[in-house]
Structures are given as C-alpha cells and as structure tokens.
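Next come two complexes, and both contain chain A; in the first it sits with chain B, in the second with chain C.
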Partner chain A sequence: MPDNSSKRVLIIDDAALVRAYYRAALEAHGFVVGEALNGLEGLEKLLLEPFDLVIADINMPQMDGITFLRTLRSKELPVSSIPVLVTSTEAGPHDIAAARGAGANYYLVKPIKQETLAEYAAIFCGRPR
Partner chain B sequence: MNEFLEQFLIESRDLVAQGTDDLMALAENPSDRERLDGAFRAFHTLKGAAGIVEFGAMTRTLHAAEDILASLRSSEEPINPDTLDEFLTCLDLTSRWLDAMQSAGEAPSTAEADADNMIARLVGSRGAAEVAHASAPGDDTWVGRLSVAAGSHFTEYRTALRYIPSPDAFFQGLDPMNVVAALPHLMTVDVVLTDPDVSLETMNTFNCSLEIVALMEAAGEQVRAALLNVPGKVEVRELASTAIRQSEEVQTNARSLIEAQLLVLQQSDVDRSVGRRASAGRTAVNALLYLGRSELAANVELAIATTKAENSPDPLIAAIEQALSGTGQPERHNNSPTAPVVPRALRVDMDRIDALVKLAGELIVVKNAIGHAAKLVHENEDPRAVIATLREQHALFERLATELQSAVLRIRVLPLRSVFRRFPRLVREIAVSVGKTVRFITEGESTEADATIVDALFEPLLHVLRNAVDHGIEPPEQRASAGKPAMGTLILRARRDADTVTIEVEDDGGGINVDRVRAVARARGIATAESLTAMSDAEATGLVFAAGFSTASTVTDLSGRGVGMDSVRTAVERLGGKVTLESQAGTGTKVGLMLPFSLMMTRLMTVEVAGQAFGLPLDNVVETTIVPRDRIVPIGAGRAFVLRDQTIPLIDLADTLGIQRTDTLSRSPAKVVIASAAGQIGAIEVDRLGERMDVMLTPMEGLLNGMKGVSGTTLLGDGRVLIVLDVEEILS
Partner chain C sequence: MTDPPQMTEDEFRRLAEFLYRRTGMVFTESKRYYVERRVWERIDATSSLSFSVYFAHLRSEVRDEVEQLINAFTVNETYFYREDHQLACLTTDLLRERVATKRPGDPIRIWSAPCSTGEEPYSIAIWLLENWKDVDTYDIEIVGSDIDTCVLEAAAVGIFGKRALMRLSPEVIARYFHALDDERWQILDDLRQSVRFTRVNLIETKETRPQGRFDVIFCRNVLIYFDDESRRIAAENLYDNLLPGGFICLGHTESMSRISPLFEVCRYSEAIVYRRPEELRRAR
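On to the complex of A and B.
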C-alpha cells in the first residue's frame, strides 16, 4: 500500500452517503480526508487549510460544482492550482466538456468503485507505486 | 509477431480506410445496406488479419465490433450515430495500433487495456450485453469448480478456459485434445462428458460430446487467438487477481489522466487560465511521479514555470506530450536497444508497374541500337550515316528517359484521400468540444501527391482546421445575430495545377481581426509601428505566420491558446511549399497550402565561385542583381547594402564555403543572388550567375550526410557533380 499519509483530499458532495463512501475508500489507503457539503463550503475550507486534491460533485445546492470550479480557478496561486477530480452521475459529453471548461482536471462517472477512486487519488497526489 | 507483418500492415491500412469510408457514408445515409455490408466485411477481414499475426487485443476488439455490425445487418433498424461513432473510434484505435507496430515491430503494451476500454464502449453504445462469446458474462460456475480443484495454486494462473467442441468435430478432421495440447503455457487440463448421464448403449460414438476445461499461464488474448477459428463453444476467463493485469490498468489510468490535462490546457478561457494551467501541470507532474517517472515529471515541472512566465500553455503542452511519448515505452528499450522497424511499403497499381516494365524493354532496344552504331564505326562505315543513327537513338533515349522518370514518380504518388478521410470525425469532435455546429465538406480527395507529402500533411492541416473551428467560425448565437446560418461551413479542398498541389481550408467565420494582428505584431516586436502602417491589410494579416507571433501572450480572441500558425508555415516550407492567407472581416478566412507535386524534382539556378559551380534552389531565389562596390557598407562583422529601401545583409559564398579565390574581383561590381529562406532574406555574392535547370536532387549520404550548407547533389550533363546548397543554412 502506498504511503498517502501526508496527502489531504477534500470531498465536496451534498450526499452524506457519497461522502462516507469516498471517505472510507480514501482512509483505507491512508489519505487524510476533509468534507464539504457544497461549493461555497468547499472554497472556505480550501482557503483555510491546504489540500492536495479536491473531489467534487456537480449538482449541489447553494453553489454547484461548475461555479465552484470557476471561482477556484480565478483565485490567486497556489490555491487556484489545486487539482480537481469531478465525479458525477451525468455521463454526457456536454457535461464532461462543461466541467473541463470550468477547470476540472478529470471526470469520473458515478458509481465509482472504492478501489478506483483510491487509485485515482494516489495518481493525483503523485505517490510512486 | 511473424513474417506476415509487413503484408498485414499494408492490408490492414487499406481495410481501415475502406471501413472508414463505409462508416462515413453510413453517417450520411444510415439505411444504406450496401455500406453496412461493406463496413461489416472490412471489420471481419481486419479481425482475420489480426488473428494471423497473433495480435490478440485487436482480434478481440474487432470481434466485438463485428458482432454488433452483424446484428445490425440482420435487423431493419437504421444504425444510430453514437454506435457509428464508436465504430469509427474503433478504427482509429486500430490505426494507432498499426502505427505502433510499424515503428516498433510489435503490438504496443497498452493494447490490452485499450481493447478493454474499446469493447466496453462498443457494448455500451449498443446497450446490449451480448457481444463476443468470449467476453459475455455467463455461467461462471465452471471457473469456481476449477478454482476448487486447483486449490491454493489457483492465483498463479492467468487464464481459465472452457472449450466444448462442436458435436461434428470428428468429421471436420479435428482432434479436440490436439487443439488443447497446442495451447500456450498450459498448466492443467480436465476432460468431462457434456452429458454425464449418458449410457454406453445410447451413446453415439461418432459425436464429440466432450467438455474440456483448462488453466494456463498465457494471457487470455493468446488463448482466444489460438482458438479463433476452432468450431465449438469457447469461453475464456481472465483471472483478475494477477498482478500483471493490474499494473497494466494502473498505467492506463495514469496515462489517461495525463492525456486529459492536454484537453484542460487547450481550453480558451482567459480569466481563469493561470489557475487552470497550474492545476493541469500539477496533475501531470503527480501522475508521472506516480508512474515512477521522476525525470519526466521534472521536465513538466520546468514547463509549468515557462508556461506561467510566457503566459502561454504551449510549453506545458509540449512537455506533457513529450512525457506521454516517454511513458508509452516503459523502460523496455533498455533490454532491446534496436526495435525492429518494419520497412515502409507502398501499394502500387499493377498498371504503373507494367508501364515501367514496358519502358525498361524499350530502353534495351535503344541500348542495342547504340551498340550497333559503335560496331558500324568500328567497321569504318560512313561516319555521317552513323551520326544520323546516333542522333535518332539519342532522341528516342531522351523520350524514354523522360517517360521513365515520370513513371517512377507516379509510383510514389498517393491520393490525398488517405489523409483527408481522417478529418471529418476530428472536425466534428473539435466542434462539439467548443460548442459550435459546423458543416464540413471535403473536395478533391482524389487529387494525388507524393507519398512523403501526403504523409506529412496531417499535422499542419489539423492545425489549420482546428484554428478554423475554434477561432474562425463564430458561436451559433453570434452567427445568427450577424445574419448568417447558425451552422458554420468549413471546406477542405484540394486540386492540382501542373506541378503544384493546392490545398485550401475555407471557413465562413468572422475572419481575422487585422487591427488585433497589428497590435499583437507590434507588442511582440515582429514589426515596427512604421512598417505596420505601411503594410496593406493583407500583408498585416499574413503576419500570423511570422515566427514568434503566437508563442507568447497572445491569448486573444484571435489566437486563443496561441496555436502557432508559424508551425504550419514551417511544416509546409519544409516540404518545399508555401502558405497563403486570405481573410475578410465578417465573411471568412481561407488558408492555402501550395505544395510541389513531387519532392524529387528541384528547379535550380547555377552560380560559380572561384571556378567551381554550385546550385541554388530556385524556390529560394528572389532575384539576381549587380551592386556597385561603393554601395556595400560594413555593418558589424558583416556587410550589407540597401536595395529599394531595404537593408540586405551580404554574404560572400567563397568565404562561407571556405574556398580560396585565385584572383580578386574586388574592383568589379558585385554579382549577387537575393535569396530567402525560413522568413529570412539575404544576398549571396558569387563570381558568375549561371543557367536554370530542372534536376533530380540526390541527398547527401554516408560521411557527407549532415555537411553544413549542402542539401544534395545532382549530375550535370557533362558528368560533373553539382553541389546544391541549402540556402537556409547558408543565410543563418
């Protein structure tokens, strides 16, 4: 198992079940996990604490994933450079293009296996195998 | 791989091309049964070809596609566009595999994972699970039984097989046990009767009623390939627990993540570009570290800084692309330093070969006639009669040599279709990704050009087409408000005029904003304010091709992500062609690439220095002139003169080539050739200006290869060798 202990991942998703599922997947591989319920809360967390990766949903109340991405990318460096993995149930090419257009680095369609999520997190965080 | 590889590559390329044609026609007319049949045949034959060279991943992928096509053929429903797209993607993938095999001599290491993805997409597009018998999720209890039998060793095996030969197997001359015994890396075999309750009395001994199960260390692909044409039911299960497969998948995920960063970098969004680019760079660096490629990661890291400093994504894009090509061959070249490169083969019409044979025959006749004439001289025949014969034969010989030359050139000729047909789908994808609707028309695909030129055209054309879709054609709303149809039109057209092949990319978009070009050119120091005011709009527009125009802070509505049109110009000039640009604000842009029909003929002008003749390619020669000595002034270490208000640097060819002049010509006016290459202009001083001629240029070989300032040699009529100079190198 790679050592991910110093790597911090922020999960932004309004569904508690999804957050718990992701948290379990990531903590099993040694990641430190933070949570936020929507884009606004996610931005606040990112400005307060350092994170290596954000895993964000698209459809969320208050501030959706697209707005969150746009806002994040227009902030100052280094916070604007945090890689973002979008996970969403929408699988259409337009949804993927929209997320990319807003500044997402990758897009996975839900449902996602825990192993897959952990592996992508490890790739995003640059832990050598 | 095996000895059929070369043939396989030729045939497969043809089949991919043919399949693509059929699919594109189906996109126009989804109920065209003939085209559907054609596409089916192409996939089917390709699959068969892949089986012959034992390329399992390709066989499997095409098998899945073929199954879907087969069911489409038997149903009446028209083919849906998504499925069609997946078929095209499948052929694209095949094409990439073929390229990889061409250069490396074997299937790429990512092929298995690519195949898995492709099959999943194909099945997904169809919305049905019943694809290849080999990949259908069926009754897996036999695998369970095998695992119990194998006990703790089960995890060591890669593949499980169940094979039920068809009942008439014996009549087909097939021995099922032989088939199984020939399987690669076989570990355990078990044979049972398909009907365990059968009694000796009722059993038909002529029917094969066996079920064979086996475990092996070979990859599933190898097993499937080995049983490809065996009649009966074959089920192959890959045992997912093996470390090998997992590591392949991991590699693919990391690679696709890196690839996705290229798309992120290609977004044109000025406000948020800094954060976006930095995040893409960070992601790529981390994914490379994850793959254990820290040296590649370091390169990308450097490029992040460059990208930020230059405010252009290009350095980062280039670094990531380079890293990707580096991750494609993980450490493998360490143990096999010389990958066998499959020689490039060309398919030639039989007619063209026949024409050559006929010409060769006629040349023999002329040779005999000349021999006969020599004999007549020897026998003291009247010399005047012999001269008449020789003249006659010389004329004949000249005609044959010319014909032979053009016949040989025609062999190297390909229709542009082979490159044009790759664009419709790419243009569609680019259009979708930037939210535009574009009607893409190609004209003159059957225009022919030298194979080298056709091969080299893809990149520059894609560049131009992408620019047209991205920046030329306006978004639908903007078009509507300008009174244009919402759907933009993009035309790719080719035609041949004598020795020139012209390719045009024409769009009906907003045209190039000349004021913007002037502003950028000035800001980038490409032209001074004075010269810009003096320039016509057309001349100013042409500045987009200037080197350095789009390398940096030109993230504008014009150039977006700073795509370098100068790279298009460079590519085309390298082929001996030139680019043109016409643009009209509001109505559209037309980019023209004018290329020589053949690379082998070069027009030369000869010059003489210190009694020695040299050739200068006429394409580089702007004009020749005579300059009085008193108008030549020293500038720095060099010399220059003013011609029509332009200061032109003057180079003495003898000095440059290191030739000693025996006499000095310093009193007489200088004879100069004004030449241009790669956007530079300069004057070359020579002793004498010579004639013009068409020659076949032979590139320098062996020790002379890479000699500076020389591009090749040619034989003169009197048998002397003429050295042809590389003007670009001489001017630099």
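On to the complex of A and C.
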C-alpha cells in the first residue's frame, strides 16, 4: 500500500451512502477523510481544516458542485488552488465541460469502483504510480 | 407489587378489543398471561390502583399511555443480515430490474417496516455498500418505520450488542461500526444518516400514505401478528406504497397470496417475493 497516511481528502456529497462508500475506499488506502454534505459546507470545511484533495459531487442541495468550484476558484486564498476531482452521474460532454470550466481538475462518471477512486486520489495527492 | 390487580374476563375482552382497534394485533384468551404481564407493568408504572383505573387512564389518552402500552406489546427480536438470501435477491434481481427504467441520479426508495431497533434498514445499507456496484449511481433513500417509538429512538442512536452483530464478519464490523466497549458497537455516522426513521402504523392509511411510493418494501414477520382483516388492510396500504413494478419481501414463512390477490408472485434463485403489477389499475 502506498503511504497516503498524511494525505487528507474532503468528500462533498449529499448522499450518506456515497460518502460511506468513498470513505471506505479511501481509508482502505490510508487516506484521512473529511466530509461535507454540500458545496457550502465544503467551503467552510476547507477554510477550517487543511486538505490535499477535494472529491465533489455535482447535484447537491444548497450549493451544487459547479457553484462550489466557481466560488472556491474565485477566492484569493491558498486553498483556492486545491485539486478537485468531480464525481457525478451526469455524463454528457457539456456536463464535463461545465465542470472543467468551473475549475475541476478531473471528472469521473458514477458508478466509480473503489479501486479507481483510490488510484485517482493517490495521483492527485502527488503520488503517481 | 403485593396485590397484583386481577383482570376479569370482561376486562380482558375490553382491553383486547382496544389493542386490536389501535394496532390490528389480536390477543385471545390463550395470550392472557402475556397480556396481563405487560398490563401489570404499565399499571405499576402509572401507579394505577386497579385495572379499571388504569383502563380509564389509557382511554383518556393522557401522557402517551396508549403509545407506552403498544411499546410494551410489540416484539422486538432481530439481528443484522437476518434472512440474507433476501438481501442477495435485492441486489442480484430486484434492483437490477428496478434500475432498468431509471437514469443515473434517479431516486431508489427502500422501506423497512417494521424496522425495530434498526438492524434491518442498516443491514440493507451495509449490504448495498458491500454488494452493489451502482451504490453511488442512484439517489438511494432508506426509510425505517415502526409502531413503537422507543425502538425508533434506539434505532437512530444505532448502538448494538454482540448478538445483533453475530452474523457480520469482523471485517464488516470494523468497516461500519466503532466499538464503544467490549460489549457495544455504534454504527458509523454516515450510515446513521443514510436511514430515515419514522413512526408508522401499517393499518392506518393516513400514516402509510405520506411515506410515498417505494421501489422495494421489506415487511418481514409482522403480518403474522395481524388477523385477516388487519392483514388485508395492511397489504392494501403496502400495495399503495409501491411503485408499479415495485417489490415487497415478506418473512420466509409468510405468503401474500393468502392475504391479497393484488400482488403477483416472483420466483428468483434466492427468494420468493411479490410485485405490484406494472399495468394493473385498481378499481376504486
């Protein structure tokens, strides 16, 4: 197992089961996991605690993933450049373009295998394999 | 108590009738000991001087006494992954059929009724996480309901003992629970948040209807406590709570065919379940 033990990942998804599924995938590979239920909560968490990567859903109540990305990237804070991996059931080219345009580093379409998620998390945390 | 109040035949009959009207459960003379024990408990707890005083107190509907008595009467005996062949059927057959007409991101609604202290709805959540590759593709909602508000409170807290977890592997326990001490484990917050708990009496249409329509309903080992009439009402309510093409899973000793003609039987390799037909419209 690669050493991801000091790497912290923030999962932003409104579905508790999805958070549990992603958390299990990441913790099995040594990541430390934080959670937020929507974009607004995600922004708050990022200001309070250090993270190395954000995994964010698109369709969420209160603040969706695209708005979250735009808001995050528009701030002039060190945390604004954190890598963001978007995961969504929206699979159209315009959805991917919208996420990229808002500042996503990469886009994965759900369903995502736990192994795949952990691999991408390792890459974006600076551990290419 | 030094002088336990005795119930006359007439008192027993009045109480049984009261319970029947409120819960649909039938208590005959053969259950007299069972009934009396629980009623004495409540007479003691409310410091009533006699059965008739207690019965008046009960019927005056003060301080949730009806609820307390119903709680004392309901049987709460279950554990994680009970009848797991039905859970296997859920992921290999039922959900596969349900998602055939859905798009990614669409809701999938599952109802566990009655859910007792939460073992069944949490089992469904864990089973989906462990065995269903599309768990992040659909908006899964799991509802747990029971007539007993005490068990619902316990379910929401999600603390379980060894016996409840006996069918789970140590790996699964380590993944989804944290140990409070040597005897008790609490389910992870994510899983607690993934199930919504609510009080529902299955024979009260005004309580079942607001739950909306589901893709799959687990209704195991409760209809056996009802008499024919209540069982039929419950079955009709559950039918209304199913999406067309939705499934209902009963306990392995139960048969819907004997209760209601509304459903069609579906045989899968792991289980027999019942389905609300796709096209049938009920004449009202």
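Quick notes on this structure:
In this text, the second predicted complex is superposed on the first by the 126 of 129 C-alpha atoms of A that agree within 3 Å, B and C clash if a C-alpha of one lies under 4 Å from a C-alpha of the other, contacts with A are read in each partner's own complex, and residues count from 1 in each chain.
The rule we apply is simple: contacts are C-beta pairs under 8 Å (C-beta built on N, C-alpha and C of every residue); 3 or more make two chains touch, one makes a residue touch a chain.
No experiment lies behind these values; they were computed from the predicted model shown.
With the two structures aligned on chain A, chain B fits next to chain C without clashing.
Residue contacts after overlaying the shared chain place A:80 against chain B, while chain C stays out of touching range.
After overlaying the two complexes on the shared chain, residue contacts for A:35 are found with chain C alone; chain B is out of touch.
Between chain B and chain C, more residues of chain A are touched by B.
In the superposed model, A:122 lies in contact with chain B only, and not with chain C.
By the document's definition of touching, of the two partners only chain C reaches A:20; chain B does not. Of the two partner chains placed by the overlay, only chain B lies in contact with A:103; chain C stays clear of it. Closest CA pair between chain B and chain C after superposition: 14 Å apart. Residues of chain A that touch chain C in their complex: 15-24, 35, 59, 87, 89-91, 110-113. Interface residues of chain C facing chain A in the complex, by the touch rule stated above, are 103-105, 125, 128-129, 133-140, 175-176, 188, 190-194. The touching residues of chain A, counted against chain B in their complex, run 70, 72-75, 77-78, 80-84, 93, 97, 100-101, 103-107, 116, 119-120, 122-129. Those residues of chain B whose C-beta lies close enough to touch chain A in the complex are 247, 250, 253-254, 257, 260-261, 263-264, 267, 269, 271-272, 274-276, 278-283, 285-292, 294, 297, 432-433, 435.
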